[in-house]
Each structure stands twice: as structure tokens, then as C-alpha cells.
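Letters A, B, C, D, E and F name the chains as they come in the text, with residue numbers starting at 1 for each one.
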């Protein structure tokens, strides 16, 4: 059984990572996982939130959002509704936690980096594309801060990438586009560091609950995806 | 190395499940995991949300919240702040998804059950206590609906329970109270059905990222906890 | 004519006052007026609101809320609606004013005590139960502050209790449960100090306006209820 | 001891009731109690809120608000803050309840009258001026509805007026301006019908709690004020 | 072709400017353009917004709002809706900008003047009446500040007035009431200083787009209206 | 005196109009005016807002927003603040009005087209770029609706484009980038149809008020800019 887009089960969609997509931001990346397109912008500022002042430690946070026209059917603008939905909140928190896993706050000093991940077009895997792209924007922002002498050391302790995996018709598949995502019995997002450790594992049974063996096969598949993405991140940053 | 409360690493805190704690609700449970105390109330109503009308299918949803005085330091009331925080949203969604994993919407018919999980006292593991207690309240609400002839069949396809596990000082431990939770390097919440399948796995590296072996040991430990909780749920419902 | 629950017209429902219901709060009381059940928690903190800083005076305030499942029919959560209703606001203000009537701000010093009154189950008289229970939690919080040497004197100048009275079928009745409350032609809440003075009188004609004689009989009945409640508060605090 | 404005203790401030102050509204009144100036506008519309549809019964409701510049020190606009304060809510509810006390919903038929009471200038007693003026606007709106044949009968079962009383330096006084209001030991608002029955009694000890005798003297004084206001309302409507 | 109210095309409605309509505000004006009636109150306070502190410069800002009953059909209260509409925002900004055009911030010193323009009755041209009246209130507030020695110089560099013009049935008309406004093909608001320079020009094609010649004729007509209003402002301030 | 970017005073920045930038939307355009970059997406749906149902007429509306990282200094997200700012509201309304000026509602039938204009990068002139790009996306959406047989005729009655002009150092200049915009004494946005008529003229004196002669020269300059943009729109749609 082959996939609609001709990929094998353990193959990523075409991934592109375009750095410096914006002129103002300290780091900015347009990341594409197939038709999913996320603009990741890193803004760096002196100073930290009030609860951290005087600690000598930096801070990294993230905000994720979708443009109204990014989805198949236009969705209402959260600024117009006057409140952020649960899914948006949840993904913003996930992206922030994932990036903080590779940050040395001491080396960052009392600087704050905000990662804005705005989904321009959504076709499944927006949160994993956001994390993967945001890491590259974060690296550029750190380089920028280093360039202007604002750091006490190297704030990056490693790299981080993320991928979705899922079970479709009983088979584990890598990097689900929207049409697979809605059919998946189980859906898992895995965030890993560049040296192969787990930062976050979030698996959800959408249909029938899954057993330990299936969980193991999904983790193995995700690991392969993260290894591939880590290489692409490295190449993009070298480019 | 022993734990502050004298438990072994694979031992739950004392768990109590008190049914019918309220007089009005279709099902209500006061669940305690040690000092963590959550009031779970199931309200059952005819009818479903608009997007589901005419489908013949039911709906189950959940809302999680903490009383201001439930924590060590009083926290501001979300109704006063005028918006629900990201953590609240995230847990409400998790509780709802977990319960829906054991619901047959067809059998439920066009009825809606809302599970309100209000944390009266928080000492770690509030979301897992909420899921574990809410299942019992849900079962009572289903029985209530059956009793008044409002169902088309048996809406429960199984039971569901949840537990937290974490790594403290390099060792996997079961059911973390607050003082262990803040020290955990890795924190995982696992939701399982009564017959041992996974509904949800959420693991987060709070400190250093974790490797596959550690992940495996956490999953094994969580499974043991869920087996114990499933037994207690069964006993409570039989009582 | 007798009441549905067998009480005489000037008889309170069974009242229980359980102190120290929570482990964290400076004072906490589960108060029950029949099936009405309110959790009153007093949190004490150093410091006062900005407008009072440097005055040497303390502050006491209160927030009242109902759990969604506390009523016969589940009510929407105010945090989800994003705004507090008029009734909630009104009762929070009433509880705060009532407690402040027996506080010596000078003796309290620049400390703030917040009383959270959360209705776990509602069967009429929730605001009067809240005031009556909150006073006991406040007394415990003051004792706690005294114990840690945070006070300049005795902040309590007396005790305070509250009861509802109403006219049903032309007869004045004490302490109305829900089923009487909805039928009452006139509804009055009276807050009194332990030595028999009025702190607050709020009478409302729900049906026909009432005359001075009826008003007098309601005041006399309420006074009897407050005397009984004052005795129970004293016993609870002595216990 | 005389009052700053030369009045005796049982004397109202100069009261003016100007009808038809607006061109559009079904009824509109500019009411003045001394320097307190409230614009009361009654809008009448066919139809009732959803929960009342098909009942054959009408509805009357009120909204109270203060213009930012109405007070000595400009207060922030509630529309800009994005939420209505507790005091505003409370008074809106009081005005609505007071007017509904003299309405026959059956005679009103399925029509809704909204009373907007906007305080243009505040100098104490704004809520009592609002009720007193709103009654006259309501009467005009009812006459308007009768004129266009929209009623089933006479919706007004009586008239309603309100006044504040308080204890200053141990003496009961009628109709407190701001400078007396802030000094009052006890503050009471009384709403009465034109034939001398109570609709609402709200007394609050701002300083020391008050005894039954003082309460009685305040009630007597308020009754006198309401009798005077009822006469002025009648004259205005006759004019 | 004559206008419904008998005016010629280049004639203003009867304009009245009543100063000191309120007792508290530093300046207050009830301005009427025909049936349009706007209460403009200027509140003056020491200090400036945070972003301007220490600059030695003052600040002037404005808030525009409509009372619910000011329009033909009652409109919902923005404070109740919890958010300010786009039109309100837009006009508040326009009024503020217009007044700031004649302010010397240096001479004002670190004082803030807030202009509250509340529409009591709306019959077209509310924003132009608001600007015209607010200027007079602003002048009174400046005089008040001068009187108490709070200024460093004369903050007013000129006067400002505003008028609406529009094209009805192909003809340019001055100062449109509501019934003309809704029929206008083109609608323009013009704000001018007392010495005939433009502060703001806002023209909108409501129906067919308009050509340059029509635009020119509207500008000429508006200039005449502003000259007339400037004279009336001067007379009011001299009075 | 030449401009920083070497342009003459009546020269546009390099303009690019990229159609079909998104895969889902009925029409989508990435429009660039120099470094200003706006994504315009047109979503077409059957049905109209409630107040227009059954009229046989269509509706066109717009929402404008800026990504947080689009500006030099990151701005807070309006969805996080929970309310839309005045400037956002104002521009959304302007874009909607401008597009509706060239729509035949009858021909559109009961369909709604929403134009989302999201500023990805801001360097002055974002509202004029938004209008210019949104028109092209609107044209594509109309073509799409025609293609699926959803229209009753040709809904476009013409084209629309917009440009900013301003006075810098006493000279009129076309299409201001951010660095010129902040220095402009007068700032004007002009919206014109393809056949040279005005849809909207908004001129504001940022510094000194401007005279009629300056206003005339700005209008002439803007006309030239709109002619150029109209040609580029036509070429883009022909491409």
C-alpha cells in the first residue's frame, strides 16, 4: 500500500528551510514541510520578564498562530474573537518548551528571545514544522546577539527538531499531511535533540487505544525523521 | 534512597474514591491521590452541540479548573482575570479526550455529558486524579441515563485511568506529589484503558532530554500504576 | 402549615462548620446549611493593595463563586464565559463588606486576607452560609498570623454571621432552602455581629411589595437566626 | 447642627424631573437631585428575550452607567476597560428589579422596555435618582405603547421612587450628597411604591454596626422622602 | 430643490455651544448641531502617560462614545459587549488628533487633558460636533490650568472646528443630518484650524466614486462651514 | 534633493504582485511595495451575514492585521492582548469599504468574500499595499466563483488601487517608506478606481496643518501613483 503522494512510510515530505525571510528580525525562517508553510521569526531583546529580573538568566518563549486563510476552510481570527483557543495555547507552550530544552540561560544572560511561528498555510504537521524552523531562527538570533557582544557564552547546548508520526490502516507512517492526519488512528508528535534524546513525546489515540508494540514502532519511526531533519537544519545553517 | 513520604518508587499514594459526593449531579466523585483532592461531577443533558445535531451521536466533554486556594500560594481566579490560562485549557482538553476514548457515541445517543473536574486541593498529579475520578463519575452518569431509559445501548466500551511518573535523581518514580514534581528531570503522564492499552502518552524533559531506555522504564512503571487504579475504580463502582 | 423538611418557621437547617478542611490555607472551613455546602478558604499575605501602601492598615477582601455542577442544572463556568456575572460580583462585595465590619485594620497591619467562598453545592442561602463560614476561616487566619508574630494587635473586633428570611404564603420563615426561595414573596438577607448589631440588611420584594409590619417581623426572625449561628461559630472555634 | 447646604435633616435636595429630554426614545427624563443629574431613557421594542418567548409576558430591564467625567476625578470608561465593574452591575440589577415591581407582564404583552440610566453628573444618590427618573420614563414609554395599540392592558400597577438615607454624626439624614455620603456611618437606600410599600431595603454599616432603633428611624425618614418624590413624579406626569 | 429642514445647501443647522454644563470638569460644553447633542468634558490632570514621562511635554487625548438611547434604534452598550467597536475607536482617534493639531506640548508641560465626547442624541455629524465642542472645552481647561499656575506658556496655538459635507442627488450640501447622511453618495468630514488650514480630510464614496471636481466643490463648501463654526466658538468663549 | 532610496518624488517603490501564493484560498496574492510585504487571501463562501439574508445580495468584507515580527520592534499579538487596536479596526474597515466600491452585490448573489490582509513585513504603506493586492485576490476569487457557476453576473464593476503620499521637507512625495512616513508633515492615503475616480481620501496633518494648494498637489501626485498601480494590477491579472 503506497501513500497518496507516493512517499514510502518512513519518508519525509519535501522540506525547505529558507533563512532570513524577513529583513527586521534577529532570525527568520520560512519552513516548508510539503504544503505546510510556517514563518518563524526570532525577536531578541535586552531584559527578561519581571519574575526573572536580576537572576542573570535569559528567557526564550514562543507564540504559535494560524492565519485565517491558512486552512481549507477559513477559520475565525483569534484577535477578533478576543480569546486564544486551547489548541493555540497548547502548541505555543510546546514550541517554547522544546526550544528551551537546548538553551543555556546563563550563557544567554538577561536577554529574551521570542519565537513567533505563524502558519501561512496548513497541511498537517504545523507544530513540528514550527519547532524545526524555529530552532534555525533561534540559532540565527543567537549568532546575531553574539555578533553584537550581548552574550556571556554560547546559549545553544544542542539542536532540536520535531516530527509527527501516526498509524494509518494499521501501519506506522512518518510526517502526516492533513488528509492522513484526519484518518490516523493514533497520532504522535516527537521532539528530539540533534544527538538523539527525547525532549517531548505526545501520543494520542484518536480511534482505538494502541498497544506498547505500536508505540515502540512509532518512536523508532519518529527517530528516523528527526535524524533527517537535524541534518537539514545543519545544512541550512551552514548554507 | 527512599521517598519523603516513605513510599517505594512504584507505589501509589493512598487513593480514595468517594462516589455521590454531590446530591444533584448525575454522577459525582471526590477523588484523592494523597493530599490532592479533585471533585469530579458529571452533568448529563439531552441534546448535543450544534455541529453534531441530527447525527444520532452523543458527546462527552470536560472542564478542569483549580480553586484559588487549592495551591500553596493562592492563585488568581481565572474568571476574575477574564481568560483561561494555557495550562487549564490543555488539561481540560486532555481529560475530555481521555474519557471519549472509552465512549461509544452511537450507544450514548444524542446526549451530552459534561465532566467538571475542580481541584479543591493540589499536591501534584491533579490531571491524573481528575481523569481517574472523572471516569467513575462518567460511569455513574451512564448508569443514571440507563436508569431513565435515555440510552440506545451501553456507552462505555471500557474504563480509563491515568497516572504521572517521573525521573528524580536518575530514578523512575510513580505518582509524584508536588515536592517531587518540581524536582523531576522528566515528567510523564500516561492514560491507559482498563485492558492495558494507551490512550495518551505525554512525556516532557524538564531538565536534560531523556533516552529511549529511560522512556521505556517510565512506560512500564506507569502501566503498573494504571493497573492498580483500574482495580480501585472497579472496587469503587462495585461498592 | 409545616415546611417540606419538617422544620418550624423559626428553625435553622442542620448547620455544620468543619474547620481546617484544606491543608494549605491559613484558615479553611467547609460550612453546610442543610444541603448547601460552601468551602471558605482564607489566604493571608504580607502587603496590601497599591492604594493602601504605606498606610499601616491591612485589608480584607472576598471572592464568591459557584462550581458549575453545584446547582440543579449545570451553569456555565464564568472563566469560560470570560466575565463574571452581576450576581457573583454583588455577593463577593457583600461578603467582603460583612467581614470588614469586624476588622480593625490598624491591628491587622499591612497584611491582606483574601476569603475565597466557593459553593460546592447550592440549595439556597449560599451567601449567608458563605459569610457565616468565612468568619470562622478569617478567625483561624488571624490566629495563624498572630502565631507567626505578624500582627500588631487583635484584628477581630467581633464576630459576624448571616441568615436569609422570607415570606412564604404570607408567613415569615427562617433560612430558606432553594424550593422555598423560589416561592418567596419577599426575600431578605441580614448580616449581624455577634453582639446583635446590624451590618447589612437587604430586603427585596420578589412578588408584591411588603409593608412595614412584615419588614419588622422579618428582622426579628433574622435576629434569632443570627444568634443561633453566632453560638455555633463560637462552639466551632472553641472545638 | 445644620447641613452644609442648609437643608433640614428630613429635607430633599431640589428635585427636577424634565420629561422628553430626548427626541427618539419612547420615554426620556433628565432627573436632578441637587447636582446629581441622570438621563433616563426608555426604549420600547416588540419581542422579548429568548427565555421568555411564547409566554405572552413582557419584560423590563435596566442598565446604569456613569460618564467618565461625571465624578470629581475622571474615572476610566468601562467600555475601554472591557468589563463592567461590580458596582455598575449591582445598581443596574437594582434599578431593573425596582421597576419590575410595578409592572404587570401580562398587560405589557411580549414587549421589552429597556431603561438606560446614564449619570451625567454624580453628587451622591445616583441610584435613587435613576430609579425615580426611570419610573417616569417608563410611564411615558407605556403611554407611547398604548398610543400605538401595542398593549393588552395597563402595564403599570403603581409607581416607584427611591431615596437614600444615612447616619451622620449620629443623626439620620435624608438624601445624602457626596460629601455626606462619604462621612456616613450607615447608608441605606430604600425603594418604595407610591402607596407606601417596600420594594427594596438596602442598609449597610459603613462604620460601626447599627442597632434596631437606628434602623427604624432610617426607615421612617426614607418613607417621608419617597412620599415627597411620589408627589413630584405625579406632578411631572401630569404636567 | 430645497432640503427637508428648509436650509440652503451651504447653511449650517442651528448650532448652540453651552459652556460649563458640568460642575466638576476643568472644561465642559454641551454642543448642539440641530438635534445632534454631544457633551464634551475636559479633565485635566498632572502627569503624562508612561511613555512620555520626563520629556517635559504634555498630552491631549479623547474618547468618543454614544449613549445606547442616542440613536433611533437603541444600540447595545459597548461596556456590556466588552469591546469597543471599530467606528468608536476611529472617531476617538480622529477627535484626539484634531485637538492635538492646535496644542503646544511644551507650553502644556507634563499635564494630560482627556476630552470625553459622549453623544447624548445622534442626528448626523456627531464626530464634527464633538470636535467643535471639544475645542471649546479644551480652551476652558487650558484657562483653568493657567488660573492655577500649572502651565509653562499658552498651550493653544489656534482653534479647530469640523463639519461634514456630502453629495445628495448630485448636489454638495453642508452639515448633513441623519436622513441626508444615509442618502449621501459621498460623505466627507473636514477638520480645519481657525486660520483656514486643513487638519484632516476624510472623504468616502458611499455610492459611486466621485471625481476631482466634486471633491473640490466639497472642500470649498466645508471651508465655509468651518469659518462659521470658528466664529461661533469665538463668540462662545467670549461670552 | 533626492530620496534615500534614490527614487524621484513621483516614483513608486518596486511593486510585485504574486498571484496564487496559497493553495487553498479562492484568490491569494503576495503583494510587495518595496520591503512592505502583505499576504492577501480571498475566501469565498456561500451565504451572507444574517442581516442580509434573503436579500439576494452578496457581501465583501476585510480583515487587516500585522504579524508581531513584521515591524522593526516586535509588537504584541492582538489575540494575546484579547482586543483589536484602533488602528487595526480602522484599516480593516478602510480595506473593506474600498473593495465594496467596485462590487455589484446583485451579481455576486448571496455569497460572501472575506479578504484577509496579513502584513508579513511592514515598511510604510501597508494599508495601500493591502488594498492594491486585495483587489487582485478579489478578482481571482470572483473568477473562481464564476468558474463553479456560483454567480448571477459579473460582480466587479471596476478595479481599485491605493497609494500613500506625503509632504517631506515641504515637498510632496509618492509611496512613503517607514523612514519617510515618520518624518512626513502631512500624510495622505488615496484610494481610486481604475478609471480615475476617488473612492476614499484620507489626509492628516501630522505636524503643521496644510493649505489647499498643498492638498491639491498631493491629490495630483496620488492620482499618478494609482494609475501606475492600476496598470500593474491589470498586467498581473493578465499574466
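Here, a residue touches a chain if its C-beta (ideal position, glycine included) is under 8 Å from a C-beta of that chain, and two chains touch if they have at least 3 such contacts.
Treat the numbers as computed from the prediction; the structure is a model and nothing was measured.
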Inquiry  = If I compare contact pairs by residue number, which of E-F, D-E or A-F overlaps with C-D on over half of them?
reply    = E-F
Message = Over half shared numbers or under half: where do the identical copies chain B and chain C land at their interface, same or different?
response = same
Approximate Å spacing (C-alpha centroids) for the pair chain A, chain C = 50
Message = Measuring centre to centre with CA averages, how many angstrom lie between chain A and chain D?
response = 59
Ask   = In angstrom, rounded to a whole number, how far apart do the mean CA points of chain A and chain B lie?
value = 28
Ask   = Multi-chain contacts in chain D: which residues touch at least two other chains?
value = 82-84
Message = Based on which chains touch which, is the overall arrangement a line, ring, star, complete graph, or other?
response = ring
Chain A-touching residues of chain B, taken from the complex the two chains share = 83, 85-87, 89-90, 92-93, 97, 101, 188, 192-193, 196-205, 208-212, 215, 219
Key: Residues of chain E defined as touching chain D within the complex   = 22-25, 28, 35, 39, 41, 43, 45, 63, 65, 67-72, 74, 77-84, 88, 114, 116, 118, 120-121, 123
